[in-house]
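Note that chain A is present in both complexes that follow, paired respectively with chain B and with chain C.
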Partner chain A sequence: MRDSIYLAWRYLRHHRAKTLLLVLSLSLFLGLPLVMRAMSRATQQSLISRAESTPLLLGKKGSSLDLVVEALYFQLKNVEPITEADVDAMHATGLALGIPIRMGLSARNFPLVGTSLDYFPFRGLRIAAGRELAIMGECVLGAQAAETLGLGPGDALLTSPSTLFDLAGVYPLKLHVVGVLEPSYGPDDEAVFVDLKTAWVGEGLGHGHEDVARAGPDVVLKRQDGAVTANAKLVQYNEVTESNLDSFHFHGDRSTYPVTAVIVVPHDEKAGVLLRGRFVDAPTRQLLRPAQVVDSLNKQIFRFERVLQIVVWTVGLATTLMFVLVMVLSWRLRAEELRMMTRLGCSRWKAGQIMGSEIAIMVSASVVVAVGFGILIAQFGETWLQNLILRGS
Partner chain B sequence: MRMRSRARVLPIVTLVLTVSLACSRKAPPEAALDSKHPDSSSIYAVNYPLFYFAERMVAASVRVVFPVPEGIDPAFWKPSAEAVREYQKASLILLNGAGYARWTRYSTLPQARIVITAKGCRDAFLSSEETAQHQHGPEGEHAHAGLAFTTWLDFRLAVCQAAHIRDALVERWPEEKANIASEFESLERDLLDLDQRMREVGKAMRDQPLLASHPVYAYLADAYGLSIESLHLEPDQVLSEDDWREIDALRTQHHARRMLWEAPPLEATESGLIARGLTSLVFDPAARRPSEGDFMAAMKANVDRLECATGIKECR
Partner chain C sequence: MISLRDVRFEYAPGGFSLDVPELTIASRTRAAAIGPSGSGKTTLLNLISGIERPGTGEISTAGVRVDRLSPAARRSFRITAIGFVFQEFLLLEYLDTLGNILYPYRLHPELHLDASVRSRAQQLASNLGLAKLLERRPSELSQGERQRVAIARALVTAPKLILADEPTGNLDPATKQQALDILFEQCDARSTTLLMVTHDHGLLEQFAQVVDLEALGTAEV
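Let's look at the complex of A and B:
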């Protein structure tokens, strides 16, 4: 048997190109279903674990999937915001902790997530370098965002302008990077976290400027009855610093300020049930269980996976037929070689053993390649597939 | 021979790859600290009255901290990021409300552990003197008008603030409920006693307008019917000619015979005021830790001085 394997191995080494082609074809056939299954399971698992770790989500009534995708996975869906009053109301119930999430802006293509300090312990996020947010104008980077941008504590990052051609719009805000999070292998790795107030300043709801009461005549249009009207020369700050911190302020009623969603963490199961009961007939708000929403998304993925499996098996069948055809043709071409072996005293059984060994070696090599490919895809393809699913949902 | 060793390696490689594929699921992150119940048993307050209320009610094992450095007005303190981080680590963060401690507006604090003690204690807080209104940008005219924030000088409001602290303490340390409730009752009695005495002072001073060195007595005036006009004078600074002119101008409209100070004024200032027929009275708001005694002692001394001045109490 060892001799047969040796001869088969020498033959395959001699015909490297043909062997490589067959091994790759077989690997693809064997690997595709494995890869599909591994990626699909990993993605479903990753989606559902984040959703399951988020007990309840409060948002504006509308697409529940869009709300979950934006608030949990930080993919912009432009969901209608609720307000800061909803966060206060949630705290006032005494039944749950409300963690606001404000989406909308980005910083160098990474989503800017405005939230409260409670978000970090809630998600189990820990600081790898630097410190947590402390003062307005600071940001903490997810591990992947920090690595891609090459930024760390002490660096600065500009928010991206919301409208490129709107010259009268809100100018980018310079954020001070004060910390980088440990990797969490989820959407938090690719986010830039800021305090909710910083997010509002970035959106132009709050601002800092020089003191108009002390401003020179070139800045002041008129002073009348204690009212000072400033012109466009009034310098507005695009960076929060120690010296201008006091000048930052918000106008209007803070309770009306926008919040994309509120992660609701009930103090116990009873509190969760009570809260859900309160929002059953709410006309403009929805309090949903993200796990249920993601579960329905997973069912869609599962259906899609089954269709894909049929395609893969069809391709696999064609590959097998092609493999058989190649082998049969190869044996026909090797008829003279086989006759020579017989003349040299090799039995038909031995010849068959050599041919069988060739097939066994190629199939084994294909399995190894397919499994290796599967591991690579499972490691690096999950995020890609997750993003693909969430962006397309 | 070489082929034999390679044939042995193949299944091992396959096994390793298969096992690593099966184990490639990422480890979940370690459980982090519960945001509602951090490990430290400490309470951080933004001013001394809140520190005092909490310290009177809470068990000795709990650390109550008022980290504002001596000599700095807590309302205008600018903490460093490190100081803010200390607040973030506290089990409870006691804020005054009514816009007190401007730094809390631009700092990141954990909402779940914040207690805004004056919240809901009044329908509307009193306004402080307005800064100039101004207009720029798309949002139109606006003013950075602040609120008067020395809320605890209305002693009933102080009771309300203390009650909010009590509720937060009971929620955080339910096993201490009986002790906290008992200590609160004692504190409430003391504050209501001060309130009662101030009402008497208010009645006695109904037709006697007062001047104040600083606009910090809005709630005192509002609660006890005092007529107070405020200036912006520092007790430890020599008054300028402009300051004296301002006092004289104000007296022509507001015929006060007494002036409230946060701390004893300089001798020269006091003499100048006496020359103008104005008596200086110290009413320490005690936003900072008093140099002697505690909050209650400071408030009792304040009320004693007013009672003496109005003749409610016989004084030497």
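Let's look at the complex of A and C:
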């Protein structure tokens, strides 16, 4: 057997290019189904566990899937917002804790999540470095966001402008990084957390500027009923600091300010049932159980996996046929060698053993490559597949 | 050494057939088999070596009745008792010179490749002027060098009989004589019997016995 393996190995080594091509083809065939299966299982598990840990979600009536995907997995779906009044109303029921989620902006390609301090203990998120949010203008980074951006406490981060070509629009807000979260291996790792007010300031709903009285009379356009209209000379702040914090303010009725969704944490099971009952016939709001919604998403993943499996098996069949064809042609080209082996006294069994060793070596190498490929994919593939599914949902 | 009596062989009923009423080649003899294409020269080698089995008759090679052996025993006999030299050399490109010489040891469990065999193979290669070419591939060798590697491969198992099927057919005249000299020298040194198929009548004078397949008999030179 050792001699058969030796001859097979020497032959394969001599025909490196052909061997490499066959090994890689087989690796793909062997590795892809396993990797895709493992990835989709891990993705489903990851999606489910996050949804199951979120008891109820309140949002505008519409696509429940979009609402869950945006509020839980931080993938922007342009969900129509509800208002701050809904958060207050939820608290007023005395039945549940309401944690607002405001999405819409981003900072260097990471989603900016406006929320309350209750969010962090609710998700079991702990600060790895720095401290939690304290005042407006501060942000806490998810572990992956901090690593990718290379930022930590004491650094600053600009929100991405939502109206790049509108000079009169909302300007980026400079955020102060005060903390970095421990890795949680979920969407929180890739988010930039701010408090709700900071998110509104980022959207231009609140602002800060120098005192009109101190700026001088030349900045005042008109005064009417106690309201002052200033011209563009008035300095607007794009960063919240200790010295200008008090100048930041919101105009209008804050209860009408937008909130993407409210994570509702009922005090007990009965409270949950009562709340759900109240929203059954609500005309413009929906209170849903994310786990149920994600279940339907998982069915989509399952369908996606099935389609992928069909593709992979088809490619696999083609690869196998190609492999068989290459081997048969190779043996045909080696007919003279096989004839010589027989004439020298080699049995057919031995000749078959040599050929079998060639196949075994290639299949073994393919398994090794496939496992390596699988480990690599497992490192990055789950996040990639999760993002792919959530963006496409 | 080689004895055929009343041998009749045919590949298929009504097809090519070879009849050998009587043929004897003594030990340590240099014999040549001649005849036109299709006269059965290669078939004769196949019968003597046990690759083919006769329909009738007796074949004795190196004291063994090969016509009575089982296929496995014939293979075993062939690889231990007979060395082959082919016209096309049939060296393997994926093995170097030493690997090609030792090739028979990779093919049969009865031959054990150990340090003494390696040493013997290296000595043999050295005797054939291949000492500096042991790590070269066949494509890196000249025609003459390839033929010497093929001769070394046939001799490495120390066989009692060498069957050479037109081993000089692909060589130029100078190299041809050189290869023959080496083959004769090595066979003589090891008291090995040589039966060589050839088309080249100019070489026959160098053989002690000539088997003329067309005449279905032997002619002493």
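The rule is short, and it goes like this: the second predicted complex is superposed on the first by the 381 of 393 C-alpha atoms of A that agree within 3 Å, B and C clash if a C-alpha of one lies under 4 Å from a C-alpha of the other, contacts with A are read in each partner's own complex, and residues count from 1 in each chain.
We take it that a residue touches a chain if its C-beta (ideal position, glycine included) is under 8 Å from a C-beta of that chain, and two chains touch if they have at least 3 such contacts.
Just so we're clear, the structure is a prediction, and the values are computed from it rather than from any experiment.
Colleague: Just checking: does A:Leu245 make contact with chain B only, chain C only, both, or neither of them? Give me first, second, both or neither.
Modeller: first
Colleague: Counting only touches as set out at the top, which of chain B and chain C does A:His15 meet: first, second, both, neither?
Modeller: Touch status of A:His15: second partner only.
Colleague: Pick one for A:Val363: touches chain B only (first), chain C only (second), both, or neither.
Modeller: The answer is neither, since A:Val363 touches no partner chain.
Colleague: Comparing chain C with chain B, which touches more residues belonging to chain A?
Modeller: For chain A, the partner with the higher number of touched residues is B.
Colleague: With the two complexes superposed on chain A, say which partner A:Leu344 touches: chain B (first), chain C (second), both, or neither.
Modeller: second
Colleague: A:Glu336 in the overlay: touching chain B, chain C, both, or neither? Say first, second, both or neither.
Modeller: Touch status of A:Glu336: second partner only.
Colleague: Between chain B (first) and chain C (second), which does A:Tyr6 come into contact with in this model arrangement: first, second, both, or neither?
Modeller: both
Colleague: Take the contacts of chain A with chain B and those with chain C, and give the residues found in both.
Modeller: After superposing on chain A, chain A residues 6 contact both chain B and chain C.
Colleague: Please name which positions on chain A make contact with chain C in the complex.
Modeller: Residue positions touching the partner: 3-4, 6-7, 10-11, 13-15, 336-337, 340-347, 350.
Colleague: Please output the residues of chain B touching chain A within their complex, sorted ascending.
Modeller: Its residues touching chain A are 3-4, 7, 10, 13-14, 17-18, 20-21, 24-26, 28-36, 78, 81-82, 84-85, 88, 102, 105-112, 130-139, 141-144.
Colleague: Given the complex with chain A, which residues does chain C contribute to the contact?
Modeller: Touch residues, chain C against chain A: 49, 51, 72, 75-80, 82, 84, 86, 88, 90, 92-95, 99, 103-108, 113.
Colleague: Which residues of chain A touch chain B once you look at their complex with the stated criterion?
Modeller: Touching chain B from chain A are residues 2, 5-6, 9, 38, 42, 45, 49, 87, 91, 97-98, 116-118, 120-126, 131-136, 138, 168, 178, 182, 184-185, 195, 197, 207, 209, 212-213, 221, 223, 226-232, 234, 236, 240, 242, 245-246, 248-249, 251-252, 267, 364, 367-368, 371-372, 374-375, 378-379.
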